[in-house]
């Protein structure tokens, strides 16, 4: 097996060719594992009418890092699919909120575990599954439920993705990825769900074979493009959130 | 005298049994992580796949790649493990959480509760609340007994969109510890000096001893 | 958090108390990852009317190692759930086969990927899911299918397990497990699906914290009992299959 | 002269394109792992979660904790990764296999095939065949054109219980390479010296050029 490198030169090359109308999943949970640099590159790249999938639209905390809210402000987003379409405090006003309230952007709110499972299902060729989550709530109104083993469960469909933006700790040239600590979060699932997986990587990219096969978190056959994150200020890295 | 928030946390944590896996929600419930458990072995799970986390890191010692579900830079205890989000919620839906402790806007005597959407809002913040509420073995709530304008948060039926139906096990407020019984809240404990009449006056449904 | 060890003294202690009528999942694929020692202990322990879940019933290759076929021969098995209820060659006769043909043991044949996914679903609180696998075959006759995105898919139910027998490479006292190479196979899924997880472990059991949290394959909260495999001949270890 | 089994493997492997992920079934298809691919990058996937395996280990060099789906002690190539069975079949059902190559008892002109249950048997051996057949982008079969008693294995409709409906892309036998077209098999290639008439005589349905 001849092995070709998946490394691309920079973030602009990494996001090149993403068409208008794409569904883009963006990894991360709070600060860890968010592909800030790829989001920043997508702001420059300018693709429009995007559907963006992530845990949140971002912008509730300082300092603000590149987020879906910025893509919204930049006129690039048609719809978001998130487990938060408002902040965790009733008093939070997210940058995304006024656009949503004016009807300029659509939003689908999905329980976090259902969001994770719908992404995995898309990657796993499972077109739909049943879950007890959200039964009896506003989210289940008018939707299909059934009784299984005496419990009412809700039908949920797979959530396929065109492009996944991933942030990883280590990668080899074959695209095998490792995540550090809670950086893992949604990233491996979005890699499963997507047709095109682009990873920004913190450590220097290793030759194929440098990661023990037992220690790979996301297999390289799922990953198409890798880009090394330069040191700050050129590259964006997690910073401590300001207290509030 | 009503309980302080750390006292509420301490009182609720007294209910935890040896060996429990515990998920702590955003806000008030994070105070429980500061409660000492002595001989009881308690393992904290966080939605983002952190199993076995410990106290918040000391200032300057934060690992910026490690947060709990509240976004706090926590530490890891020996025996900790990291999994991805789908495996993390597999543990939740799979019934591995002995208890989930959440904040809430409203708790109802029928066991419903509401914590994801405020009145008149277009969006909401669900996070992992619906998954946890549907599948944890026990759902404990921590909330103030009334809103800032004095409206009771404990009531017969929720007025806000609910997070799950009939799942609440215990509710702690600054006034006491309560269990929903269907049509009422049963008092399990009262803060020192708080009377049953005071609780009844602050609650929008029957309160039983 | 005080941390108590999950290590038990020997294989007999590891399988103590498994009641008649239990559903037992047994890890492994070919030689790697099969908990030979726990199966051998269950032969001694003698629980009856068992439902056994594994990839195969075993016994097609030499040397023969402890397998479901031996539990069948020992009168302990009511039913097997496997992806093979015959050998991979038409000429193979498995030790299990005559019992099955005489109707003394029931068998449910399940496609391998569906078996893996049904185990995961049980562990993940997903009571049922849809899959394209087996549509149009004898296995789907009389069962519920539906069209999703223009494709016919089959409803499959979670497969919950009472006891999982696991073989791991490394463990710490908190029960965190690591597998080596293709030893992983079904083992992590059976650990997810089971109420009681018993792992035989190849390396000396490590203190809690000795496995980096990023490198854990099966989190310790799923595992209740650990037992170190002694060196041969006391402990059973994989051997090379004889050519045939 | 009909192709030998290694020649069948070589002929089928010529169809593989650069960058493909390939799953090889038990039996004859394992011969493909010995075919050199030159500049074409081919990655082998095995049902038990091995991605990127290489040749069978030399005698005495076997890693007893590493097998492919046929139970052979294989080696790993640089860039290999190991996943568990559910993640492995996620790759299969998720459509990541560019081709699966399987042995079969019967192949039908309508694209059905049978490889898990023999006539009159109570049990069967499915393994990963139904998952692979349902979801791989292409299904290639390797089989002998006739049974030992001379009965054709290529036919209009399968007589044995099928593994999947209408999925077969290519069939290689010792006589040639064929593609099912609905009511016939179209010849894509013939072994040297084998004639169309010989193929037709050995096949239980129409064969087209």
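A, B, C and D are the chain letters, set down in written order, and residue numbers restart from 1 in every chain.
The definition used in the following text is that a contact is a pair of C-beta atoms (placed from the backbone, for glycine too) under 8 Å apart; a residue touches a chain by one contact, two chains touch by 3 or more.
Each chain and its UniProt protein: A, C = 3-oxoacid CoA-transferase subunit A; B, D = 3-oxoacid CoA-transferase subunit B.
Keep in mind it's a predicted model, so treat the numbers as computed, not measured.
S.K.: Return the chain pair with more inter-chain C-beta contacts, choosing between B-C and C-D.
M.R.: C-D
S.K.: Averaged over CA atoms, how far is the centre of chain A from the centre of chain C? Could you give it in whole Å?
M.R.: 34
S.K.: Would you kindly tell me how far, in whole Å, the mean C-alpha position of chain D lies from that of chain B?
M.R.: Averaging C-alpha atoms per chain gives centres 55 Å apart.
S.K.: CA centre of chain B versus CA centre of chain C: separation in Å?
M.R.: 36
S.K.: State, to the nearest whole Å, the distance from the C-alpha centre of chain C to the C-alpha centre of chain D.
M.R.: Between these chains, centre-to-centre, one finds 28 Å.
S.K.: Among the residues of chain C, pick out those that touch two or more other chains and give their numbers.
M.R.: 117, 120, 124-126, 131-132, 179-181, 184, 213-214, 217
S.K.: What parts of chain D, by residue number, touch at least two of the other chains?
M.R.: 76, 82-83, 86, 89, 92-93, 135
S.K.: Pairwise, which chains touch?
M.R.: The set of touching chain pairs is A-B, A-C, A-D, B-C, C-D.
S.K.: Flag every residue of chain C that touches chain D in the complex, lowest number first.
M.R.: Residue list for chain C touching chain D: 29-33, 55, 61, 83-90, 97, 100-101, 107, 109-114, 116-117, 119-120, 131-139, 169, 179-189, 217, 237-241.
S.K.: Show me the residue ranges of chain C that touch chain B in the complex, using the header's touch definition.
M.R.: So the residues of chain C in touch with chain B come to 1-4, 120, 122-126, 172-176, 192, 207-209, 213-214, 216, 219-222.
S.K.: Would you pull the chain C residues touching chain A in the complex into a rising list?
M.R.: For chain C paired with chain A, touching residues are 117, 121, 124-132, 148-149, 151, 153, 157, 178-181, 184, 213-215, 217.
S.K.: Provide the residue numbers of chain D that touch chain C in the complex, in ascending order.
M.R.: Against chain C, chain D makes touches at 26-27, 46-50, 62-68, 71, 73, 76, 82-86, 88-89, 92-93, 105, 117-118, 121-131, 134-135, 161-165.
S.K.: For chain D, which residues count as touching chain A in their complex?
M.R.: Contacts found on chain D: 21, 37, 39-43, 45, 51-52, 54, 76-83, 86, 89-96, 135.
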